[in-house]
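In what follows, chain A forms one complex with chain B and a second complex with chain C.
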Partner chain A sequence: MKRHLPRLARIAGHAGLRALPTAIGIVILGFFLLQQAPGDAVDVLSGESGGLSTEAAAALRHHAGLDQPVLSQLAAYLTGLAHGDLGWSARFNVPVTSLILQRLPGSLLLSGTALVVSVLAGAALGALMAAREGSWADRGLSVAALLFYSLPSFWISLMLIVVFSIHLGWLPSGGSQTIGGPEGGLAGLLDHARYMVLPVTSLSLFYIAIYARLVRVAMIEARAQDYVRTARAKGLSESRILIRHILRNALLPLTTVAGMHLGGMLGGGVVVETVYGWPGLGRLAYESVIGRDFRVLLGILLLSSLLVIVANALVDILQGLLDPRVGVSHAA
Partner chain B sequence: MPPKAIFAAPGDHHTPPPPETRPLAAFRIEDTVSAPTASRNGVVSALRRHPPALIGVAILAGVTLLALLSPLLFPGDPLAITGEPFLWPFASLAHPLGTDSLGRDILAGVAHGARVSLRIGLSATALGLVLGVAAGALAGYKGGWTDAAISRLIEIFQTVPSFVLLVVLVAITQPSAGTLSAAIAIVTWPTVARLARAEFRSLREKDFVLAARSLGYSHTRIIIHEILPNALPPIVVTASVMVASAILMESALSFMGLGDPNVVSWGSMIGQGREYLRSAWYISALPGLAIMLTVLALNLIGDALNEALNPRKRGGRA
Partner chain C sequence: MSHPALSIPAFAVPHAITPLLEVQDLQVHFGSKPAVRGISFTVHEGETLALVGESGSGKSMTALSVMGLLPDGGRASGTIRFAGRDTSTLSPAARRALRGGEIGMIFQEPMTSLNPVMTIGAQIVEALRQHQPLSRTAAKARALELIDLVRIPDPKRRFQDYPHQLSGGMRQRVMIAMAVACGPRLLIADEPTTALDVTIQAQVLELLDRLRRDLSMAVLLITHDLGVVGQWADRVAVMYAGRKVEEGDPSALFALPLHPYTQGLLRASPRLDDAQHYTQGPLTEIPGSIASAAGQDGCAFAPRCPQAVAACRAAVPSLRILESGRKVACPLAHQD
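On to the complex of A and B.
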């Protein structure tokens, strides 16, 4: 364990060094992308309120810093960013940072739960399919995986609502908790969980399908390796071989893709959160596109990219723990 | 960039893909080590031996035919009102799949939607392939600073959650078939670029490239005529998956009302049916089945291509 530490520290340092220029690149890319947008939030407000006077519009633009030259807007943006300030939302009339931070827990809860559910269910199904390779169970699950891999998440969401909310009436079709329902405590938690079942399922099915296929192939491949034959020749028990030798190696590709899928989940959240009216970053992204509030949109883009960077670094470290070869050659 | 020699050992099957090369479809294209190009006959016969792929080809042919024939089968604007609203499927001969909340024929919508989906799927993929292969080829062949700069750009684009980036791109442009395809291509090119880069990196060291260079061939000629044909197999596999994901992305955008408002698309039909889930769920369900069939067909074909072109599974690799 002692020899693990410097290696893990090196991996973490490496990941951090690699992430920094990427993060800066994303900020600049995002900023210039949104400069290309036609019209700003003040235009939308003016349209909605039946027309603002030129002076009022100018005052609003000045307030939001929209009347400055592009480069000084970028400079102001970067300075603000260094202080954790993402600017002022002209649309919602609150600081972008507080708007986003208010929605962040909802998104993290949804995509985090979906990721855990997908990995567990995917690994279990994949292991089952590999164990019964070629059987009817394997074939049936393979077909099911292919089907769910081909379905758009928003359509799954709607059909789940039709079945479980409208016809069976078992689960709520939207929102995040019962209005006037139990607050806090176990009852509140259960109430919250009921609202999560359908969104999490809609978001997970696609990834469960991916992971099941991935783990199936990885396990079939791993158990044909020489070290498995060696382990068997040593007289290790089958369960020990399965867990220590086959599963551990089969999980490596799973950690790689699962880490990079966090971004996919946050992106998929845009659609799923919009369908279920779940208060997260995804729905906020949708609302800010409709309201043409590009500062909020940029903030969401940056924050979700940051989450992906953190997830990638965590995956690098996790792989260092799972695979003793990772990071050894870095010193050279 | 640190050398990751430990991963490069050929035949080392249980190593995971290195963190730098994480293609979106990593679970299918784990093995990016190149092989001599599979002959076209090999691909065709492999598809023939693979029944699910035949089903995929049949479904895709059907959808393509429907898309091509839709102006003949359903002349006139599919957005026009042609009957009474909320007719259920199979209730009327004039509207076999029923009508939506305004009385528009759903079958006509699905047929015309096939045109939109296939067109955007194909054009976005073509654009993404051109961008990605060009960038990846340049990075992999040139190496050095070019490689470092392009790899950095790839990493930036792969870090940003792609659907969020897609929403941003669509928000700043006027949605049309062209801008939607371009936006999807901008989101998907890094996958191809990463793959092409790995292929070009390993192929440029091969003897036949050295031979071509010593014959005095230009870099362009070596890249296009010598390396590219050999780098194609994994890229072809990715292309079929890219068409599928482009169709899914377009449908998600139009579902949320961010697509082209002037054409009927599967996603927008589902989005409009959403209001009437309680009483008329078929309005949303039917276009979704069309998406599922098309994407499923492409995935089946992708799987078969992967098996046919993946040298490891064919077992004949030197």
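On to the complex of A and C.
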């Protein structure tokens, strides 16, 4: 472990150096892109309230800084960012930071759980398919994986609601906890978990399908390697060969792909969070687009890009830990 | 240290006549395609038998059958006896005890035969602890001795290294250390030096030869390199298209090859002492390819044989034992 530290530190250093320019680029690009959208928050507010007077609208725009030239708006935004200020929501009239922090835990919980579930289920199913390569179980699971890979998540979400909430009545169709239900403790946790089953399933199925196929191929490839034959020649038991020699190597590609998907899951949460009314960032982003609340949207954009950068750095470090060959080529 | 350094287990030899390894009429098929078509040979305690032949002659499949490690789709028939026991009657657990315990094996590809994500120390320790009740510390100490035994400098540092940090020759030494870790009675070396530089080849072969004396192992050496055979083997068996065509003492066999295939093989190998050195003229070759043996009735070498007669294509020539002890599967061969 000690011998790994310099290499891992180097990997983390590389990731950190890349992070800052990436984040700034994303913010500036996002800022100009959002400026291209027709209308602003005041237009939407005006439409919702049945019409504002020109003076009132101008006052609102002035209050939110929307009447400034684009470049000075950007300069003001970047200055704020440098001080850790994400700006002010024109729609809700609260700081963007507090809006996001309120929704972040819900999103992280949902996507984090979905990631863990899909990695575990995907690896298990992939290993099973590889072990029974060519059998009916393998073929059936392959077809199922293809199906869940191609079905859109909103459709899966709706069908799960139809089956499990409406027909069977087993699980709630939306929300994150029973109103007036148990708070805290084990009962509160279980109540929360019941509300998570369907959203997590909807979000996971797509990724389970990808991971199962990935692990299946990786296992079939890994077990044909020469070092597996060496392990057999040592007289190791099949289970030891599977765990120590095949799985460890076969799961390397899974860590790469799953790490990259963490960002995608946060973003892909938009559909699932909207269908299930889950209080997360995805739904906040959706509401901000509808309300033309660009400061909030920019904040979410910045936060998710940071999360993706952090996730990628973690993947790099994890890979460095799992595979001693990673990060060696940079060594002088 | 509580245990003696790499002591050789004292084996009681039950019957001096019983060979250590006895292979009888071994056949290996992949689907309907034969890879080995009935080969028999024996290896005695402490002896080095070289199995020689070109690619596709079935020598590697023979070695893998002895280990019970045929690739998927391969079926073996015939009997393989190790120390008097028929290996096909052994339980899976007993077969595993044999592999890596009493029979060690090293492979042709040192670059890919080690697990890239495990330290070489861990891989040697794994082999040790599979067959011997050693504590972690004892196993590590023993692994360090083994690394030293195969002449890798600085064992303590190398123990922590991953395969990619080692050269091909070093990796093959690690493979050898793993194969001899549990003091096997038989070491199967499947083209152990083919993938290595010429200078490293000699070192590795020398190491193998020293180890087999020090650890009193028998060695089944699979190779296509006749130079290797002449120098290191006690006995040589030449294989062609899944059958043994000639067997005998290496120096006698090289001096007077009797089977037309062995003659062709020797003519095709450049030798420094040869009057017809390859710088002065083209190398001799055996016309045709081993693929012509497929579906062939009679002698598999007949399509390429300059001396073939009609009888050669009618029936597979049986292996005759000549007065000198030489075995040859050619009706035309005779010792003058």
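In this section, the second predicted complex is superposed on the first by the 332 of 332 C-alpha atoms of A that agree within 3 Å, B and C clash if a C-alpha of one lies under 4 Å from a C-alpha of the other, contacts with A are read in each partner's own complex, and residues count from 1 in each chain.
Convention: a contact is a pair of C-beta atoms (placed from the backbone, for glycine too) under 8 Å apart; a residue touches a chain by one contact, two chains touch by 3 or more.
The structure presented is a predicted model; accordingly, all values stated were derived computationally and were not measured.
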Contacts of A:N249 with chain B and chain C, given as first, second, both or neither: both
Partner chain(s) touched by A:R325 [first = chain B, second = chain C, both, neither]: both
Contacts of A:A233 with chain B and chain C, given as first, second, both or neither: second
Per-residue contact with chain A, leading partner among chain C and chain B: B
Which of chain B and chain C A:E55 touches, first, second, both or neither: neither
Partner chain(s) touched by A:Q225 [first = chain B, second = chain C, both, neither]: both
First (chain B), second (chain C), both or neither touched by A:N312: first
On chain A, positions contacted by chain B and by chain C: 225, 249, 252, 323, 325, 328
Residues of chain C touching chain A in the complex: 67, 69, 96-101, 104-105, 107, 109, 112-118, 126-127, 130-131, 160, 162, 164, 175, 178-179
Of all residues in chain A, those that touch chain C in their complex: 3, 225-227, 229-237, 244-245, 248-249, 252, 322-325, 328
Partner chain B, residues of chain A touching it in the complex: 14, 18, 21-22, 25-26, 29-30, 33-34, 36-38, 146-147, 149-155, 158-159, 161-162, 166, 210, 213-214, 217, 221-222, 225, 249, 252-253, 255-257, 260, 263-264, 266-268, 270-271, 274-275, 285-286, 289, 292, 294, 297-298, 300-301, 304-305, 308-309, 312, 315-316, 319, 323, 325-326, 328-330, 332
Residue ranges of chain B in contact with chain A within the complex: 2-6, 13-17, 19, 22, 26-27, 30, 152-153, 155-156, 158-172, 244, 248, 251-252, 255-256, 258, 267, 270, 274, 277-278, 281, 284-285, 288, 291-292, 295-296, 299-300, 303
